[in-house]
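Here come two complexes built around chain A, the first alongside chain B, the second alongside chain C.
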Partner chain A sequence: MAAADSPSAALRRRDLCSRGIRLAGKMRSDVVDLLDTYVEWQGLDASASVAAVEGVPAAAAERWDEQTGTQRLLENLAAYRAFRALLAQMLEEQREQLGEADTVLGRALAAVLLQVSAFAYHLEELLRLESRGPPSEEGAGPPPLPHLSLFERKLRGLGVLRELAQWAVRSARDLRQLAKPSPGSSSAPSPAESP
Partner chain B sequence: MPPLLLFPSLLLLCLRLLRAEPLAYPAVISPQDPTLLIGSSLVATCTVSPDFHLKAEDLYWTLNGRRLPAASYAALSPTTLSVALARLNGSKQQSGDNLVCHSRDGGILAGSCLYVGLPPEKPVNITCWSKNMKDLTCKWAPGTEGETFLHTNYTLKYKLRWYGRDNTCQEYHTAGPYSCHIPKDLALFTPYEIWVEASNRLGVAVSDVVMLDILDVVTTDPPSDVHVSRVGDLEDQLSVRWSSPPALKDFLFQAKYQIQYRVEDSSEWKVVDDVGNQTSCRLAGLRPGTVYFVQVRCNPFGIYGSKKAGIWSDWSNPTAASTPRSERAAGSCDPKGGEQNTTLRRELKQFFGWVKKHAYGCSNLGIKLYDQWRVWLQKSHKTRNQVGSSR
Partner chain C sequence: QNLKCLTHNLRKMICTWDVSSKGRHGQTDFCYTTNDLLPAVCLKTKEKRVEIPVPESSATVTITTNSISGTAFATKEFEIHKTDISFVPLTPRILSLTPDFSTSTLNLKWIDNGSVFPYGLDAFWQIQILRKEVMEKVTQVTYYSKLTHEDIILSWNWRSDMPLECTSHYVKIRCYINVTQFVGPKDWSDWSPVEEVPGKDTEPNVSGVFPQDTVVAVGSDVTICCVHQEGRQIKQMKYEREIYPMIHLSSRSSAIRVLNASASHASGTNVVCELSEGDMDGTVLFVGYAPDIPQNLSCETSNFLIIKCTWKPGRPSGLYGERKTKYSLFERISVKNVSCEVNEMNRERACDFPVLADQKTYDFLLGVSNPIGRTESSLLVDLNQRVHPKAPEKLTVSGNSSTSIHLHWFINGSFAEIRLLCQIEISSGHSERKWHNVSMPGGKFSTYTAQLNTLHPYTKYQFRVRCAAADHFWRWSDWSRIEEHTTLEA
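What follows is the complex of A and B.
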């Protein structure tokens, strides 16, 4: 983390992390509300077991505490870019099915998609501060999804939203780790933040 | 593929299905996502892949999360279980009922969405209006069943009568759920044919065609610059002035206006209907010392010789003003009651004076007699009240 050496960069990173933690907290709360709306709209059982879904990044991380800051940011960014594409597709499918009808679900999906896009941008900013810069998006998008039946789409949507809710928790913790002063840094510790 | 490689490949496939891609379901439901009429019946089958070593008797069905009775199942083969659904009700949600095939432990093996409903009904009551002759907005009502079970798409179409080609309106829900807005490229002096097509998974229904000339359905913005002011010291009057809607200034040959007003503490409006083409009006018969809210609206009828009644604009924002206080009432504790009694008594005195002077045969009639009568009246009221309260 080359840029972390400069005190102003450290301050800027801490500031970005604090704002990111707040964003993640809000996103988590909105995704949980969206899940309720989604389950009701699709007539699904909220406790239906949907395991890993192809193309949906899993929030579960092994050896999470051993990850470097850059690694955390890169994994987060890859995840949110994937969620951005998945949510856009869910919104598109919703419109295909119901036309341009202004539904509660459509509005909530669009709002969360916006939050996910904003969070991905926030992560890119943090990566720029690490003198690393965000990786290019060209060819990094998720592979085209196979043709699914309508019921399979419903379940995939449930899987996407559940995983996104988990990611919001993980991201807040990742950013809190990132906000901690690196060893040897002279800057004061940041105030505790909670999502 | 060499036979030796087949087994590891299958094993890999199974592992993939179980771990990384559980959405590649181990079973298939037939029919997939069918659309059915309310009251119809359906036999669906769930066939498990032989690779998963599941038997038909280990499976069960749910519809919208509720387990279906085993009596409706039939094992058609060692790996296929059917379920019979009779007299289906309309779909519980527009996204389709979830018919799901489960393994014994509750895991989801496959699902199918059932769309049960009715074909759309003919849209009715199409009404349109053009704001300042620049655009056209139409509203309609869905058929009686509306969109109870299946999502219904509505498309408003229009064409110039005689020689036009079909156009499709693009901006929906602009004036409520069943509405569409055509923002530009509208012709004047030739009628349009307008109709609405309703479609859902079970069919299409087309409304009757409405014929209209844009000039016959013009409405406009509410009148601007509404001013309400006092008329000198007249305590029961207010003067209202306004400007005609600017967008139609050059066309408003026969515009008519309406005024409505109400007192501050009432929600009931009084409408003045006979304002005609004027842009000012005097409200009379108002209460002294009272705040009034006033609104004005415009009906731009008769544009370019149109014979239709025109469409009223929205009301202007309320403008408030108060009437002057009555001077006689000032400083009085009970202005209305006291004032009325004094006036009545004065009039009676004058009346009896006149009677004395002119009615010679009734010489004992006078104001004293009136006062005696009032005393009697009060006593009789008191007695009546006591009797009433003792009951």
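What follows is the complex of A and C.
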């Protein structure tokens, strides 16, 4: 973090981090459930390989250990803002394609979207503890969606949810890293450590 | 030798012949006469063909072949009878071959050259469709038309059983004209040059699975193809989760044929094309039903402001979202059309239509359509005979006597043009329930009143009321809420 914390700020940050870790854990299990529902509802093969989806930030981070707390928060925030927009697009497409017939998947998608929005807000709270605060969202929306066929959209959705599940894992680890008392953190856990 | 004469238009004929002797020779003198009384007409030609008028009955032809220096070295006379002249129509000219990819339909337009022939001749057109890289014949159809002594553009559609994107389609055409009074041999024209509609497998860097996101009827046989880039291979093609045998179309396109497709679930049936290097492409097929004819269509009004039509949808179409069945209500007299917002999951469907000023009769046509088909149901309604009021509201009871009371209630709606029949239900603890009917002129968003006499003193009563149209009874409204009242002591 940028400067040594006052005791109350450190306490506040640790509290936000631990709540964030719980939120990330819950989100991950919900996303995994959603993935099962999505694959079944969309008639996809669970093992289908999906190319990297444009506009979806990759959860795998190079030199994860060397990132500062602010970098972690900023990357996380950018990711969840992107996921918020992507999930909203998916929900819109879902309603357009299925209308009233879609109850199960639509509700599950909406629930995860709510969690992603909440988590993004949570990250903004953490960034507010920093002197700089969260970056504004103008012009930060997702790239315009290229015209995709329905099958491509189905695969894209699968890619988005898989990446989101990965991000939930990474976020928990990032927040654990942040929760460690500053200044500077002790040796960080290796990326392979599961939440 | 071998003098042959052939006509394309019954007026002029083209005669051709062979020359037996080898070696070089000069011009040929071609003389013909169609009547011994007339002098012969002679033509000089280097070709071994000339065009001359078709004779009325027969013609005598003398062909003299000259040497290079111009001296005649061979002469031969021929007698051409009308029966020797064959008639072969000109090769038809294709004007356009237009694909409609959305319906996999080819539209062929050509000119019938009718102006060349007398009025009323029967013409037969053989149209051949070929497909794939190897130009395999798919079908041959004979189309019939009548010539009208004018050049008419003829048009013909052919719906492919395979998306036109899958591979190139080719069309050629030839014709036969049945000139009954022509006594010589008649034959088909030559085939026209082939017209092509190139498939996506001929466009560089284009790939995809076709048809893209389309809707078909349950029970259809569907061909789905996978077009891939040069150098790629298709490992397998799956329909839903079943691997299908592949049909080779070209080096960049293969297809599968699904027979008797069954209904897909809401998000459609995936068709997946697994390619080399782990790539995958696909499409989504929506297999559903054409809309059923709406059952029990019924229309009524509860307030003379809105007419509510309801119906039973019949078999679900299995199509949702932007492909779902759409309903519209068209009223023939006012020519007014209303589109209906309908929830596919509700068993009963409803649609509102505004009551129109000064119109009592409504001739409704409920139109139902989805991407697979269309149907309709109609109903003629006299609105005065279809009044189904809402339940009376704000029922109040007042009374300052021991044996009579006044009831007041409000009905939401504009009933000024009809009489209302209202039924008051009277019940009290120990005695039997009684009903009292009263009719009154309808009002506009009015409160109505009725008086009840011959009640028992000092007795606790429960009252409720319902109403209907008096003159043309259709349906009772629901009952109002119950209102209690105790009569005064005697």
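Please note the rule applied: the second predicted complex is superposed on the first by the 175 of 195 C-alpha atoms of A that agree within 3 Å, B and C clash if a C-alpha of one lies under 4 Å from a C-alpha of the other, contacts with A are read in each partner's own complex, and residues count from 1 in each chain.
Note that a contact is a pair of C-beta atoms (placed from the backbone, for glycine too) under 8 Å apart; a residue touches a chain by one contact, two chains touch by 3 or more.
These figures come from a predicted structure and were not determined experimentally.
The superposition on chain A brings chain B into a clash with chain C.
Once the two structures are superposed, chain B and chain C can be ranked by residues of chain A touched, with B on top.
By the document's definition of touching, both partners, chain B and chain C, reach A:41. In the superposition on chain A, A:156 makes contact with chain B only, while chain C stays out of contact range. Legend: residue contacts after superposition of the two complexes on their common chain; A:148 is shown touching chain B, with no touch to chain C.
When the shared chain is aligned, chain C comes close enough to touch A:95, but chain B does not.
Of the two partner chains placed around the shared chain by superposition, chain B and chain C are both touched by A:49.
Stretch 200-208 of chain B is the one among 200-208, 290-298, 362-370 or 380-388 that clashes with chain C after the shared chain A is superposed. Taken together, the two structures place residues 41-45, 48-49, 97-102, 149-152, 154-155 of chain A in contact with chain B in one case and with chain C in the other.
Put simply, chain C touches chain A in their complex at residues 208-209, 212-213, 240-241, 265-272, 278, 280-284, 320-322, 324, 343-345. Partner chain B is touched in their complex by these residues of chain A: 40-45, 48-54, 97-102, 148-152, 154-156, 159.
Touching chain A in their complex are the following residues of chain B: 19-23, 25, 32-33, 64-65, 92-98, 100, 106-108, 110-113, 151, 153, 172-173. Remark: chain A residues 41-45, 48-49, 95-102, 149-152, 154-155 touch chain C in the complex.
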